[in-house]
Each structure stands twice: as C-alpha cells, then as structure tokens.
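In what follows, chain A forms one complex with chain B and a second complex with chain C.
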Partner chain A sequence: MNSLKKYMNNKRIYRYSYLLGIFIILIYLGYKVDFSFIRLYKGLPSMMDLIERVLKPNLLYSKEVIEKLIETIQMAIIASLMGLVLSLPFSLFTANNITPNKLLGSILNGLFSFLRTIPSLIWAALLVSIFSIGKFSGIIALGIIGFLMSLKLFREYIESIKENQLNSIRAIGASSIQVLRYCVLPYVFELSVSVFFIVLETNIRAAAILGLVGAGGIGQIMWKDLNHLRYDNVATIILILFLTILAIDLLSLFIRKHLNKKNIKFTDIKEHKRFQICKIIYMPMIFVVLLYIIFKSLDIDYTRLVLGIGQGMDIIRRMVKVDISYFPKMIEGIRESFFIAIFATIVGGAFSLIFSYLTAYNTSPKRTISLIFKGYINILRTFPPLITAIIFFRGVGPGPLAGAIALSIYTTGVLTKMYSEVLENTQRNIQDSIIVTGATRFQSYIHGLLPHTFPSFIGLLLYRLESNIRNSTILGVIGAGGVGTALTINITWRNWEKVGLLLIGVSIMIIIIDKLSQYLRKVFL
Partner chain B sequence: MLRLEHITVSYDRKIRAVDDISLEVGQGEFVGIIGSSGSGKSSVLKSINLLVKPIKGKIYIDDVDIMSLKNSQLRAVRREIGFVFQDYNLIDRSSVLDNVLVGRLGYKSSFHSMLGIFTDEDYKRAEKALIQVGLSEKIFERSDQLSGGQKQRVAIAKTLCQSPKIILADEPVASLDVSTSQNIMDYFKTINEKKNITILINLHDVNLAKKYCNRIIALKRGKLLFDGKAGEFKDEFFKEIYE
Partner chain C sequence: MKKMMVFLLIVTLVIPIIGCTQKKEEVIRMGFVPMKDGDKLIESVEPLTEILSKELGVKVEGFTATNYVGVVEGLGSGQVDFGFIPPFAYVLANQESNAGVILTALNKSGEAKYRSQFLVRNDSGIESFSDVKGKKIAFVDPSSTSGYLFPGAHLIKEGIDIEKDIEYVYAGGHDKALQLLLNGDIDVATTFVDARDRYKEDFPDAMEKTKILGYTDYIPNISVTIRGDMDQELQEKIKNALLNLAKSEEGLELLKELFNMYGFEEATDTDYEIIRNTAEFMNVDLKEGN
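Let's look at the complex of A and B:
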C-alpha cells in the first residue's frame, strides 16, 4: 500500500519538477527578451490607441489596395505554380527510394535543406539588391520558397510509398521509367493539387510582407502608410488582407477535401481509350500554356536579367569570403533570435493547451464557447507574425519584446488550431472511458484526452519550434529583435561578406534545431 | 520448369533468412509453402523473380540461369511471372482497369507506356481477366473503393494480364476473412487447372494448403523441413513447424 503511494508521489514530484524547470527557463528567457509587465502595461494605451485607429478603416482607400492586392495574389499564384512545376522532376531525383543515383540525391538534398533555411523575406531582400526593386524579385523569391516547399512535400510523399508497392510494378517486368510512370506519378499528380494549395497558403502570407524590402505586392503600400502614420489606411489593408487570406485558406480546404472523391466515370472501354488519347494531347498543351503564362507575367527585361545574374554571381563570390571578424555580432543576433523562438514556443504551448480545451468541440464546456474560440484562433493565425509585431512595436518600442509577443500570439493561434483538431479526431472511447466513472468533462480532458494525445502535442510543438526559429530570424527586418536586424542592415549596405557569415550562422542554427527536434520526436513519440 | 539450387538469402550477411534450399517445380504444379513468420517463405518466393537477390545459389527458369541475365532480359523473364502480394499493392488512385493494364507494361516500349497507350489487344486481355475473377462490373471503379477480397481479385487479374507461366503469391489471403480466403483460393485453383499455370503460394494456414495444393513445402528458420504431396503431410510436421 505504502509503496503504491510512494510511486504516485514520486510521479507527481517528477511532473512538478518538470513544470518548475520549464517555468524557470521561461523566466530566464523572459529576462533575455526584455519581457516586462510594466513596459507592456505602459505600452497598453498607445497600443489601444493604435487598435482604436485601426478599427476605423479608410474604406475610400480600398480601390488602391485592391489593385495592389491583385498584384500580390498574382505573385503568390505564379510563384507557387513555378515552384511546383520545377520541383516535380527534382523530387524524382531526391527521393531516396527511386533516385537513379544515391550520391547525387543526397548532395541535392543537402543543398536544398541549406537553401530551405533562408526565409522568404531574406530571399526577397537579396534578390531586390540583385534585380532592383519590383515584383519580379518578389516572384522569384516566392518561387524559390515554393520550389523548396513542394520539393520537400513531394519527396516525403514519394519516400512513404511502400517498397512492396514499387516491387509490385517491378515484378511485372517494368523498367524504372515505367515504375515512375505507373506507380509514382499517379500519386504525385493527385498530390500536386493539394501541394499547390499548401504552398499558396504560405506564399500569400509571405507575399503580403515582401513589400517591406521592396519586392512588390501589398506590403509596399502598407510599409509606406505605416511610416506616414496613416493607421486608417493600414487598417484597410489589414482588413482586406485578412479577408483574402481567409478566403484562400477556405478555398484550399474545400478543394483539398473534395479532391479525394472525384473520379471520372466511364461507361465503356472505348470512352476510356478516347480519354487516354485526349490526355496525351492536352496534358502537354496545358503544361505549355502554364509555362507561357508564367513567363508572360514575369515581365522579364532581358538586359536587366543578364546584368542581375552577373551581379548575383558577384554577390555569391563575395558571400563565400565570409567576414569572420563579424562573428561576435552574429552570435549575439542568433542568440537573441533563438531566445525569442524558444520563448514564443513555450508561451504559445502553454496557452494553446488551455485554449485547445475551450476550442475543441468534444471538450469545450459549451458549443458557443468553442465556436467563438474557433473564430478567434483563426484571426490569430491568419496574420503573419511580422504584421502583429508592428502593432507591439508601437506599444513597447523596438527590441526583442515586440517580436517575442507577436510570435507567441501566432504560435498560440496555429498550435491551438492543430491541437484542437487532434483532440476532435481522437476516438470517443478515450474520453468516454473517463466520463463513465462519473468524472466531469474537464477531468476527462486532464486525465484522459490530454495524456493520450500529449505525444502528438509535443510533436506539433516541436514543429512550431522549427517554424518559430525561421520566423524569429526575420523579425529583425522591422527592428523587432534578433539576427534579422543585422541581416537587413548588411544587405542594404551591401556588406556581402558579413551577409554570407550571417546566412551560414542562421542555417547552422536552423539545421541544428531541426535535427534536434527530429531526434526528440523519435525518442518521445 | 523452375529449379532452385542451394539458394541462400541474407539481408545483413549474418542471419540467413533462407539457408541452402534446393527445389524443382514442374509445369502446372500447385505448390503451397508453409511455415511460421520469419521462416523465409517470402524470401524464397521473392528470390524466384529476383526481387530479393540471393547471396549464393542458382535459379533456373526453363533452364535459363536468371541470375546471370542483364536488366532488360530479367524484365522479360519477370513479365512471365505473376506476383500477388498480401497487401494487394494496387495503385489506389487509379481505376481498376488502369491497375489491370499495368500487367501489360512488360510488353510495352518505354515510349508507348510513357504516354499510356495500350492496344485493343491489351484492353481485351484486361477485360477477359476481369471477367475471370468476376469483377467485370467494377472495371471503372477507383480501386480504393473496393473491399479487400475484391482488391486481391484485381491483383490476380493483373497477373493474368501478364499471361504468366508462373504465378507467385505471397500470403495472398492472410488479411482476408475465412470465406473470402476460400473464394480467392478457388480462383487460384481454377487458374491452375484451366490454364496449366504453375502456382507457388505462401500460406500460414496449413489447412488451406492441404485443401488446395498438390504439393506442400514446409520451411523452418530458412531450412527445408518437408517437401512432398499434400496428402503425405502429417500432423507431426505441423507441430514441428510451429513449435
């Protein structure tokens, strides 16, 4: 009897000491990101003032905004298409179960995972200094992001095709090209529509802020209005952006949901054959038309392009000669970014545990509460953290605090959405098995659902950490702390040797965090 | 027609999944291979069409040493050997017809198959194969809409489309219920008797093997334990295999 009691006691002590440990870390991080309730409190009036002014949007301004908005959407769509089309052939080379050459595959993978660590805003800033200001740089930057993202999604998907599935085609006597055509492509083609929309969702958010570095789109006028303190105009932009992003997310959700069910019904074999022949004719045509549209809208000025490529080569050559003397500055910036990311992950994680309870249909005390929270959460996660950071920036001034709070809010939004979906998809039995003992819904969450789904929560949290690390490196672009400040300053001043060092530092940090998070997921899940 | 000589398979060069097995199978035989999991059944079957490469031994199909063949020649051999998996391995997103037509790939040039062009002859074969397994009305259905037994019948139709000399089946009924299993086994039996196609089938259910096969081969830890007529298989062996 006593030993059982002791066992439970020990377990409790363990749990509390874990919590205490996390709490201490949080306080330390709070100190590091200059967190202070007093500053937050003092900043409250000016933030409220800002929000108040933001709540009075200048609707007359919408015409101008819509024009830029269309440009933004256009940029995002073209870039996503471009990235998707380019990534298809590469995915066949990099997926390690079908790659024709393992060595080539792993070299490409290494290169791409290095490139993937550079945030879109930094790509845009670099490209702007190569190809001059304008949407061309923006499209290329987003195209690169789209390419790297879809490549990763395709590769992971192809690698998840079972060995036996490939064997079943090989056993027929098919050549490796036939294996690709009949085993891999049917999956990849259907997947490509959802990949396109996933990439589009990311790119539309990114496109909205690219204007901050002069790479076209709606961000350009937003930045201008912010500097002129025209908050009514900013409000209009934010409102319109919010509606657009929401609409695109919903469209994407709808299409991806219904995609699985579509199937062309044939009545006889002749019809099937005719369809196959049509496919042979139309598929290349669609492909060519797509390429044409992409090229047309890129609006390429060839002399400028050649000049730009020359400059680009020059920049890369200078970047490779990293300026080691800048090392202490780099460490300082990276450390700050790192602290911001960890702080935001812990704070966001804690809040989302509470919010998820209120948001998920099956745990929320009332259905209306759940609905209200769902709406609220969607607002939180729609805005790129950079825009939220601007609001806090006005309240608490420049420095890591604005960035840390903005990122915490974004993390809370995204994580709550994901985790509440996990809760909703958990088998009813788990919860019921607690409720049948006469427990309340809250107890069934604490003792049933939460422990049951905690590993998935940790998994999601680690994914958020990976994303936060990336986001925290760009917060500095608007002065909200971290390595981004040094990065933008040096890009503006064209100190390419320093930029090279910073980029390598950022990449190494991100890769370490990614590997660590992969390792932790493997150990704990 | 099929001869294995001293086949040894090892995946890590230490543990032998198949240990020095020699076999000879004649035209039209219906052979059941039994054994507990890990006994090397799958490895034996997969080495016959070289999905798994043995580290030692020789495999002859119609007196051709297939381990010495070049890639393109190996593909020509493979197209005459049907292979049925336990987990069906159909392309879920494609229609039943598309899946059955995959069986014709070995006979296609790369160019034609790249574009997805099949001849009338191919279509006829596919249709006939589907009629044989009683699924002609499902021909345009998406294959993820089918039940497990139906999926396995599509997989059989696919191998029939290859016009095979041999069909290898790796636990084709292991994830199906009893009556569906019998139904699938009946199809195998009919194919074997009507078309005189040699069938080698892995089973873990000894009773099914005794009921349907003419010959039983029992494996234990990669070694041959029994090889003889189904009628000669006694219950003592049964104990020995699974203990």
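Let's look at the complex of A and C:
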C-alpha cells in the first residue's frame, strides 16, 4: 500500500519536474525571442484593424491576382515536372541497392543532402542575382527543390525494393540494365504520379512567396501591396491563395488515393501485348513533349543563359572563399533562428495536445466541435508561416517575435492534424477500457490515449522541429528575425563570401538538428 | 485536469513577468535599412548610436530592417522610435500611425531635394519617352520614392500606361537596376541622380554605355521620422541631438559614411505634400488605410 502510494507520488513528482523543465526552457526561449504579453496586447488593436481590413478584401483586385496566380501555378507545375524528370536518372545512381558505384552514390547523396538544407526562397534570391528578376529564376529555384525532393522520395522507394526481388531477376540471368527495365523502372513509374503531386503541394506553397525576392508569381504583387501597406489587397491575395492551395491539396489527395486502385484489366494476351507496344511508343513521346513544354516555358535565350551561368560560377567561386570575420554575426543569426524554431515547436506542441483532443473525432466532446476544429486547423496549416508573420508584423512590429508566433501557429496546425489522425487510428479498446471504468472522454484521453500515443507524438514533434528549423531561417527575409535577415541583406548587396559562410552555417545547423532528431526518435520509439 | 489547470496557471502567471522585466530598461530605437557604399556594407551603426546616446542621455539602439516597410511597421508598433526613411515611406507611416517628420537630410550639395533619372543604353534606339512603349523597365522597389513613385508618375504624364504599355520589374536596388540595364535584361532603368557616379566602382563602364533619357520632378530628401505617440519634449531632444551630431566633425563623417547624408534641415509635413499628390496620381490609394 505504502509502496504504491510512494510510486504514485514519485511518478507525480517526476512528471511535474518534467513539465517544469520544459517550462523553464520555454520561458528562456520566450525571453530570447522577445516574447511579451504586453506587446502582444498592445498590438491587438492594430492586428484587429488589420484583420478587419483583411475581412474586407478588395474583390475588384481579383482579376489582376488571378492572372498572377495562373503564372504561379504554372511555375509550380513546370518546376515540379522538371525536378521529377531530372531526378529519375539520378535516383538510380544514388539508391543504395542498385547504384553502379557505391562510392559515387554516397558522394552524390552527401552533396544532395547538403543542398536540400537550403530553402527555396534562398535559392530564388541567389538565382535572381544570377538570371535577373522574373519567373525564370523562380522556376529554376522550384525545379531544384522539386529535384531534390523527388530524388529523396524515389531513392527511398527504390531502396525499399526487397533484395530477393532484385535477386530473383538477376538469377534468371538478367543484366543490370534488364534488372532496371523489368524490376525497378516499372515500380518507379508507378510512383511518379504520386511523387509529382507531393512535390507540387510543396512547390505551390513555395511559389506563392518567391515573388518576395523578385522571382515571379503572385508574391511579386503581394510584395508591392505590402510595401504600400495595402492590406485589403494583400487580403485578396491571401484569400485566393488559400482557396488555391486547398484545392490543389484536395486534388492531390484525391488522385493519390485513387491512383493505386485503378488497374487496366486485360481480357487476353494479345491486348496486353498491344498495350505494351503502345506504351513503348507513347512513353518516350510524352517524355519528349514534357521536356519541350518545360523548355518552352522557361523563356530565356541562349546568350543570357551563358552570361548567367558565367556570373553564377563567379558567385560560387566567391562563396567558397568564406569570410570568416563574419562568424560572430552568423552565430548570432543562427542562434536566433534556432530559438525561434524551438520556441515554435514547444508552443505548437503544447497547443496541439489540447487541440488534438478537440479535433480527433473519437476524443472530441461533440462531433460538431471536431468538425469545426478540423476546418480551423486546416486554415492554420495552409498558410506558409512567412505570410502569417506579415500579419504579426503589424501587431508586434518586425523582429523575432512576429516570426516565432507565426511559426508557432503553423506548427500547431500541422501537428494537430497529424496527431489527431494518430489518435483516430488508435485501437478503440484502449479508450474503451478506460471509459468502462466510468471515466469521461477527457480522462480517457489524458490517461489512456495520450500515454499510449505519446511516443508517436514525440516523433511527430521532432519532425516538426526539423521543418521549423528550415522555416525559421527564411523568416528573416521579410524581417521577422533570425539568420534570414543577414542572408537577404548580403545577397542583396552581393557579398558572396559572407553568403557562403551563412549558407554553410545554416546547413550545418540543419544537419545537426536532423541527426539529433533521428537519434532521439530512435531512443523514444 | 488538475495538472492542466496548474500548467495553465503557471503559464499565465509567469509569462507576464518576463514581459514586465523586459520593459524596465529604457532605450530609444533608431530604425534604418543598411546601405552600401562601394564595397562596404554598413550593418553596424554602433559608433553613431553611441554619440547619440551621450547626446540624449538615454541608450540608443540601432534597429536593422531589410526594407523600409520594416521601419514603417516598426514605427507603427512602437518597436522603432525614430527612423531614417525615404519620403514615400514617411507618407505611409504618417497615414498609418500618425508618425511625424522632424528633419530632412541634406545631400552632397547641401540641398534638401533630389530627383531621379531614366537611363537607357546608348545602342538601344530609345530617344524619347514615346519609344518606351512596349519596352521593359526596371523600377527599384515598390516602396521607393525615386525608384518607383516619381518615375512611374512621370511615365504616366508622358502618356504611358504602366500596367499595359510596358513590362516592368522591381530590381531591388538602384545599383541592381543599373546592373540589369548593363546586362541587357531591361531597356530602361530608373535610379536617383546619378547612380552611375555613386556606383562607378562596381560598374566603371556605366557612364559610357548609358545615357539619360529624362529627369523626374524634384523629390524631398530622406526623412527623419518619429513615431506618432512621442511626446513633444523627446521629439525636440531627438531633433537637437541629430542637428548637433551633424555639426560635430566626427558625427558628420559617420553620417556621410553610413547613410550618405551631409547634414539635416528642419522639415514639416507640408514639405511632403508633393509625395501624397504623386502617390494619388500613381493610384496608390493612401486613404484606404484608415
């Protein structure tokens, strides 16, 4: 009896000290990102004023917006296609199980994971300096992101092909090309549509903000309206963007869901053969047409390209000669980005625990509450944090606080969506076994579902941390704190030696956090 | 449930304390956008703020923004107490948060005004504004007075519809507009007079390769703007501190180096009426804000 009490007591103490620990960290971080309720409270009227203006969108403006929106969607689609097409051959080189040369594979993998740490907005800002302003730079920047993303996805898919599957084909005497042709490629092509849509979802969000650095698309007019403080116009743009992103997400979800179910049924072997021949003829044709469309839409002449590449090489050469004297400034910026990311992860995590309870239909007190929250968190997670930061700019002024709050909101949205899905997929009997003792739904959540799914929550939280670290490095582009400010200023003024140092610093930080998070996931799960 | 309540209680109790402790120290924040002169990028204004701190008796801190809207929003939210912003940004700040102008900067020749120019390449075949139709133009930034507002208004006066007759881009800087022009990405660049001279180290061939198509009207110089709710006493103090700064040799040197300013002159809102009129002309609807 005594020992149970002791055990319970110890456990409680343990839990409280745990919470207290997190809390102290949060307070410290809050201090670091200039958190202050007074400022937030003081900013409320101007934020309300902004929201009031946002609620009166200037619909007359929508014609101009739609025009740019189409350009934005075009950019995202072309870039995703370009990335996808280019990544196919590379994925064959980098996938561990089929690469012709293991060393080459790992060198390429290292290079690509370094490049993957650079956010699309920074790519765009760099490319704008090389190929001048306009959508060409934007397409290339998104193309790079699309390439790196689909490469990673393809590589992981290919590596998940079981060794015995490959061996069974090798056993009948197939050469490595035949293995590729009959085992790997069919698998990869099947996945490519789904990969395309995953990449497109990311790219459409990125494309919306590329204009902030002059890389074309809807961000360009948003930049103008922000500069003129025309928040009613900004509201129109945000509204239209929201609907578009939502539509593309839904479309992508729908297609990815139904893609796997569809299968062509053949009645006899002749038909199948005919289909195979058609496939051989049409597949390369589609490929060529795609390439043609991509190149046509790039709209750049050869001499300009050569000039740009020359200037690009120059820039890279100067970037490699990193300016070490800038080191203290870099650390300062990176530290701020890091604090913003951690703050957002903890705050977002805390909120999403509460929100998930209300959102998941098996824990939510009422079905309607669940539906309302589902809609609500979808709004929260649709906006790129960079855009939300603009709204907080208004209330709390430029600086890390605006960025930290914006990122917290985004984290709350994404994490709630993911975690509430985890809750919904948990076996019913866990919840039932607690409800049967007379507990309420809330108690069943706190004492049953939450402890049961806590490891997956930590896993999701760590994934969010990785994403937040990336996002916090670009918040500075609009002046919302972190290393992005130094990065933008130095890109604008062409101090490539400093840009080089900053990029390496950012990369190292991201890679360290990624590895740490991987390690922690292994420990926790 | 109880734990949750305790947790929330602690949150609500502790965070305001952090908020309060921060407010204790009184500082005056000076907002600015880093500028580049030649090879040097100015990110640290510490020597200048140190002199101002001594002058005012209150600690002055620099607030670096990536663009002028950052300073304007900073003035609106109380993050920035005074800032160096171009005339158009002042007009926006004034109408958004009732920010006031106290001084205007003087340029090299001691004048409180400047103007901008339209540059074309010598071989472009553009001889007059009527040739500009159908061409590609680089403005500097939508918040720029000399790189967007005035040149844009000038083009409209010349009978050019900037949304329909021309294609335009924002270069992101006067030097960048010049660079785009020299690279052949655009046909006409708008910069202040004379950006080719200011950036001659970066673009030594700019003078020979380009010529001036025309000038805009005169524009009041960069302003020293204070936030709207500042009391009269502090306003006067800041004004005098800056005027004294410009009188001292060391201060003037810093101003020249950091912001390309050669002194200050008192200014009032009416000096900036021309900006408002031009903005209206350019269809930048300022009234919408209130």
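By definition in this document, the second predicted complex is superposed on the first by the 525 of 525 C-alpha atoms of A that agree within 3 Å, B and C clash if a C-alpha of one lies under 4 Å from a C-alpha of the other, contacts with A are read in each partner's own complex, and residues count from 1 in each chain.
Assume a contact is a pair of C-beta atoms (placed from the backbone, for glycine too) under 8 Å apart; a residue touches a chain by one contact, two chains touch by 3 or more.
What you see is a predicted model, and the numbers here were worked out from it, not measured in a lab.
Asker: Could you figure out whether chain B or chain C reaches more residues of chain A?
Answerer: After superposition, C is the partner touching more of chain A.
Asker: Considering only the touch criterion stated at the top, classify A:Tyr31 as touching first (chain B), second (chain C), both, or neither.
Answerer: A:Tyr31 sits against chain C, while chain B stays out of touch.
Asker: Taking the superposition on A as described, I'd like to know which of chain B and chain C A:Val195 touches: first, second, both or neither.
Answerer: So A:Val195 meets neither chain B nor chain C here.
Asker: Report for A:Leu460: first if it touches chain B alone, second if chain C alone, otherwise both or neither.
Answerer: Neither: A:Leu460 stays clear of chain B and chain C.
Asker: In the superposed arrangement, does A:Val322 touch chain B (first), chain C (second), both or neither?
Answerer: In the superposition, A:Val322 contacts neither chain B nor chain C.
Asker: Is A:Ile346 contacted by the first partner chain B, the second partner chain C, both or neither?
Answerer: The answer is neither, since A:Ile346 touches no partner chain.
Asker: Would you sort A:Leu229 into first (chain B), second (chain C), both or neither based on which partner it touches?
Answerer: second
Asker: If you stack the two complexes on chain A, which partner ends up touching A:Leu358: first (chain B), second (chain C), both, or neither?
Answerer: In the superposed model, A:Leu358 contacts neither chain B nor chain C.
Asker: What does chain A use to touch chain C in their complex?
Answerer: Interface residues on the chain A side: 15-16, 19, 23, 27, 30-31, 34-39, 42-43, 46, 128, 132-134, 213-214, 220, 223-224, 226-230, 232, 304, 307, 329, 393-399, 442-443, 446, 476-479, 485-486, 488-490, 492-493, 495.
Asker: What part of chain A is in contact with chain B in the complex they form?
Answerer: Against chain B, the touching part of chain A is residues 162, 164-165, 167-175, 177-178, 181-183, 186-187, 190, 263, 265-267, 269, 272-273, 276-277, 279-280.
Asker: Within their complex, state which residues of chain B touch chain A.
Answerer: So the residues of chain B in touch with chain A come to 46, 49, 51, 72, 74-83, 85, 87, 89, 91, 93-95, 97-98, 102-103, 105-106, 108, 110, 113-118, 123, 127, 139-140, 142, 155, 158, 162.
Asker: Enumerate the contact residues on chain C facing chain A in the complex.
Answerer: 1, 3-4, 7, 10-11, 14-16, 18-20, 22-23, 34, 36, 41, 43, 64-70, 72-74, 76-80, 92, 96, 138, 141-143, 169-173, 176, 180, 183-185, 284-285, 288-289
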